[in-house]
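Naming follows writing order (A, B and C), and every chain is counted from residue 1.
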Amino acid sequence: MSEHLRIENLSVEFDGFKAVDNLNLSVDKGELRCLIGPNGAGKTTTLDLICGKTRSSKGSIQYRGREIANEPEYLIARAGIGRKFQVPSVFRQLTVRENLEVAYCRHVGVFANVVRSGHSPESDGLEKLADFVGLSGYLDEPAEHLSHGQTQWLEIALLLAQDSELILLDEPTAGMTHQETRKTAEICNRLKGKHTIIVVEHDMGFVREIGEVISVMHQGTVLAEGTVEEISRDERVKEVYLGSVGIDDA
Amino acid sequence: MFEIFRNMTASRRQTLVQVLTYMLFCAAILIFPLFLDNDFLLNRYARYLVLGMVTMALSLSWGYAGILNLGQALSFGLGSYAMAMALKLRTVPVHTGAGGLPDFMVWNNVEKLPWFWEPFYSLGLAILAGIFVPVILAVVLGWFMFRGRITGVFVAIITLANLVVVNLLIIDQQRFTGGFNGITDLAQLEFFGFEFDAYSKSTYYLVAISLSLCLFGALALTKSKAGLILQAIRDHEERVRFFGYDVAVYQIMAMSVSAAIAGIAGMLYTVVMEFASPTFLSVPLSLSIVVWCAVGGRQSLLGATIGAIVVAGMQGALSESEAFLDTWMLIMGAIFVLVVLFLPNGLAGLIDMLARKAFGRGRHRKSDGPASDIIPTETAKSP
Amino acid sequence: MDFLLENIITGLSIGSILLLIALGLAIIYGTMGVINMAHGEFVMLGAYATWAMNAFLGVGFLASLIVVFLGVACLGYLVERGVIRFLYRRPLDTILATWGVGVMLQQIVRLIAGGELRYVEMPPALSGTVSVLGITVSGYRVFVFLFVLALFAATWYLMYRTAFGTKLRAVVQNREIASCFGINSSRIYSLTFAYGAGLAGLAGALVAPLKSVSPEMGTTYVVDAFFVVVLGGVQSIFGTVASAFVLGEATGMLAFLWNDTIAKALVLLGIMILIRFRPQGLFTSKARR
């Protein structure tokens, strides 16, 4: 397998506080990587740095051999990186169908889109997608009418419509029921291989279900890396989780 | 017929209803002169239609793209000056002799026509200027703001300040712009042998047809994928970037299209009013446009147009008596406050809500049920 | 050298009036995030109230200041209760709603007092001139300058040294949490708005003897004051002071070099550029994430 994303010596500082500190991470193509770690370990910030939401202070992020650190978000997205946020962020006044149309972003230029209808011929595919996440009955409903759980599913559908090569998921199962979590895991497993996925997650059950390689973050850097078994045996990992629930019972 | 209608998806059905409503409005303003044989009133209504047009342009940038442009009157005023300059130059041979200067320049001891007046000898160039000067300014200002990710209130302040700057400059450069008085005493617009007397059916039709074309042009834009992306930007600007769209370019596009329509409206305003004045690009007019847009419905092009026509029309009808006008402004202020508080989408939003209550209640609530049995019923329940 | 000093003093005088008008706006915008377009009308009402008390009741200028402050503050309280409190979740709409309120106030005054210009007499004790560093300055302008500084000190004390100020700052930081600790946040907001409005009324009373009083007088003030606030930075009343005097000096100097109109245009242009590059204001430190 070839290397898809490579992060070297990445650091970012907020008013003297180092949220990410000399981080090194390498993810192969088609891999599903879980990022875990205690609160404040810098997991979300790492995703922010990859997708361009936050500017790094130093270090490099290479995506398919191309340096993308500190590029504008839209160029990073065009290069093939998609992101799901922790707080569901959909377009509340647009209908579910319109949300999907926006996410279906094969053409991003403004002039091309002025002459293109808002209802693309691909909308059949988008309807299937809505069906897949259980929102087919809500296609013409504004997204603000959806419940919290449905909004989460809409966001996942948006990611699927965007069809990025590298997908960054920030706590995809937050607020989901047990069954919904299992379905999310199923989706992740289906996507892996074709897409490269990085998941930030707290729910260890979910991580077990999907995880191949896990990177444990602590104080802005990678503390340990390995399979679920290796990680749960690691003494240092136990130590940083000490006082919190503990990795086995989570 | 009804079968087809019923089999359409809800969004297509909605679009069809919308297009029909817009067509009905355009037909109404086009056949209106058949029932009115009063050139004075026709001129007045033409004026309201022009104001409707510039308000519609604001709805495009504010309602659809979330750009509250408090300087909307700038594009309008520049268009109006472009037309006035061209029409003024046509009066030169009559007023001050061939090769002379516009009369106000003579009064201000200007000796040579300034360079930026030269192109306005040609009506075609003047019309191009009336559209593209506002567009270029909008692109420059848009680039200036949106590349720096300026949003919300700050957009409102910058556009407002920009309007005031240009307004002050025009008033200050009296020698070249006519200052406070503006450019008055104009020739009549002539186009391929057609004469557009401000007090005639021809001018009314010119305005009504331009408004209809711009209305449908703008509607088409909002129905395009770009229109959808603009609405997405209005809802959640940041998220749009992560789909690979360059948000600033879309915002600049919305502002420029809006500026172009406002520029056209400004040119028509000069034809209807027979002068151009700094009040056409003043803060009070600009804020009035915002008010009309909000009352009519900022997220509806037609709503904004009608909002301007109705509000400006009532104001005009009452303006004969000063006491009436003052009372009316008071009532207007109150109505405006109430609309902002209770009808964020204006009259169009109210009508939309009533129509929804009358017809479609529950229709779109029919769920096909969850696609897969692992989705718990909780999520499939209506929200 | 003298003309330079003269210009600096003119600038200070312009700045003190700007600060006077902007202070109330700064508090309302800085703490509640409400852009109060009716602020100019509060100023106008203050000016009219002073005029009316002087013309009809014969109340002295200084005595009327207290009445004006309380009266306009009450009006501000009503406006907050009746309109603003519904719009805390829609900040852009407060521009529109308060503008509507402003139009209403303007029309009410026009209907009651008429549209013609009114004049307020300067208090005789202050109408003389004083000499500052060899420059002759109107005594009233010096009085305004000192009064503004005193008002600013009082406002600072209120915000940072009283229980009310502490509660207010807590509400500004996080309304929900503050409410959970038993702070009546909606009452705090109402009182803050009332205080800001009262300051605007005072500003109107103080500028009345310098300028003519008319129903439209507020419109020009609100725009200027708003630029002062934005330039100073939203959450810093010291920033407001600095920016008022910077703008005052800049306007004074540029007007001396060209003319009033060009000076105003250049100042606005400068403000546009500053907002573009420092939307958080000139005098605040980098915003926290």
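Descriptive notes on the structure:
In the analysis below, contacts are C-beta pairs under 8 Å (C-beta built on N, C-alpha and C of every residue); 3 or more make two chains touch, one makes a residue touch a chain.
Here the structure is a predicted model, which means the values were calculated and not measured.
With chains reduced to the mean position of their C-alpha atoms, the one farthest from chain A is C. Chain pair with the highest count of contacting C-beta pairs: A-B.
With centres defined as mean CA coordinates, chain B is found 42 Å away from chain A.
With centres set at the average Cα position, the gap from chain A to chain C is 48 Å.
Between chain B and chain C the centroid-to-centroid distance comes to 33 Å (mean Cα coordinates, whole Å).
Residues of chain C found to touch two or more other chains are absent. Residues 35, 83, 86-87, 90-93, 95-97, 99-104, 106-108, 110-111, 219, 223, 226-227, 230, 259, 261-262, 264-265, 268-269, 271-272, 275-277, 279 of chain C are the ones touching chain B in the complex. Residues 51, 53, 72-75, 77-78, 82-83, 85, 89-95, 97-99, 101-103, 105, 107-108, 110, 113-120, 131-134, 136-141, 145-147, 149-150, 153, 162, 177, 179-180, 182-183, 186 of chain A are the ones that touch chain B when the two sit in their complex.
Residues 9-12, 221, 223-229, 231-232, 234-236, 238-247, 249-250, 253, 364-372, 374-376, 378-381, 383 of chain B touch chain A in their complex. Here chain B touches chain C in the complex through residues 68, 144-145, 148, 150, 152-154, 156-158, 160-162, 164-165, 168-169, 171-172, 283-284, 287, 290-291, 294, 323, 326-327, 329-330, 332-334, 336-337, 340-341, 344, going by the rule given at the top.
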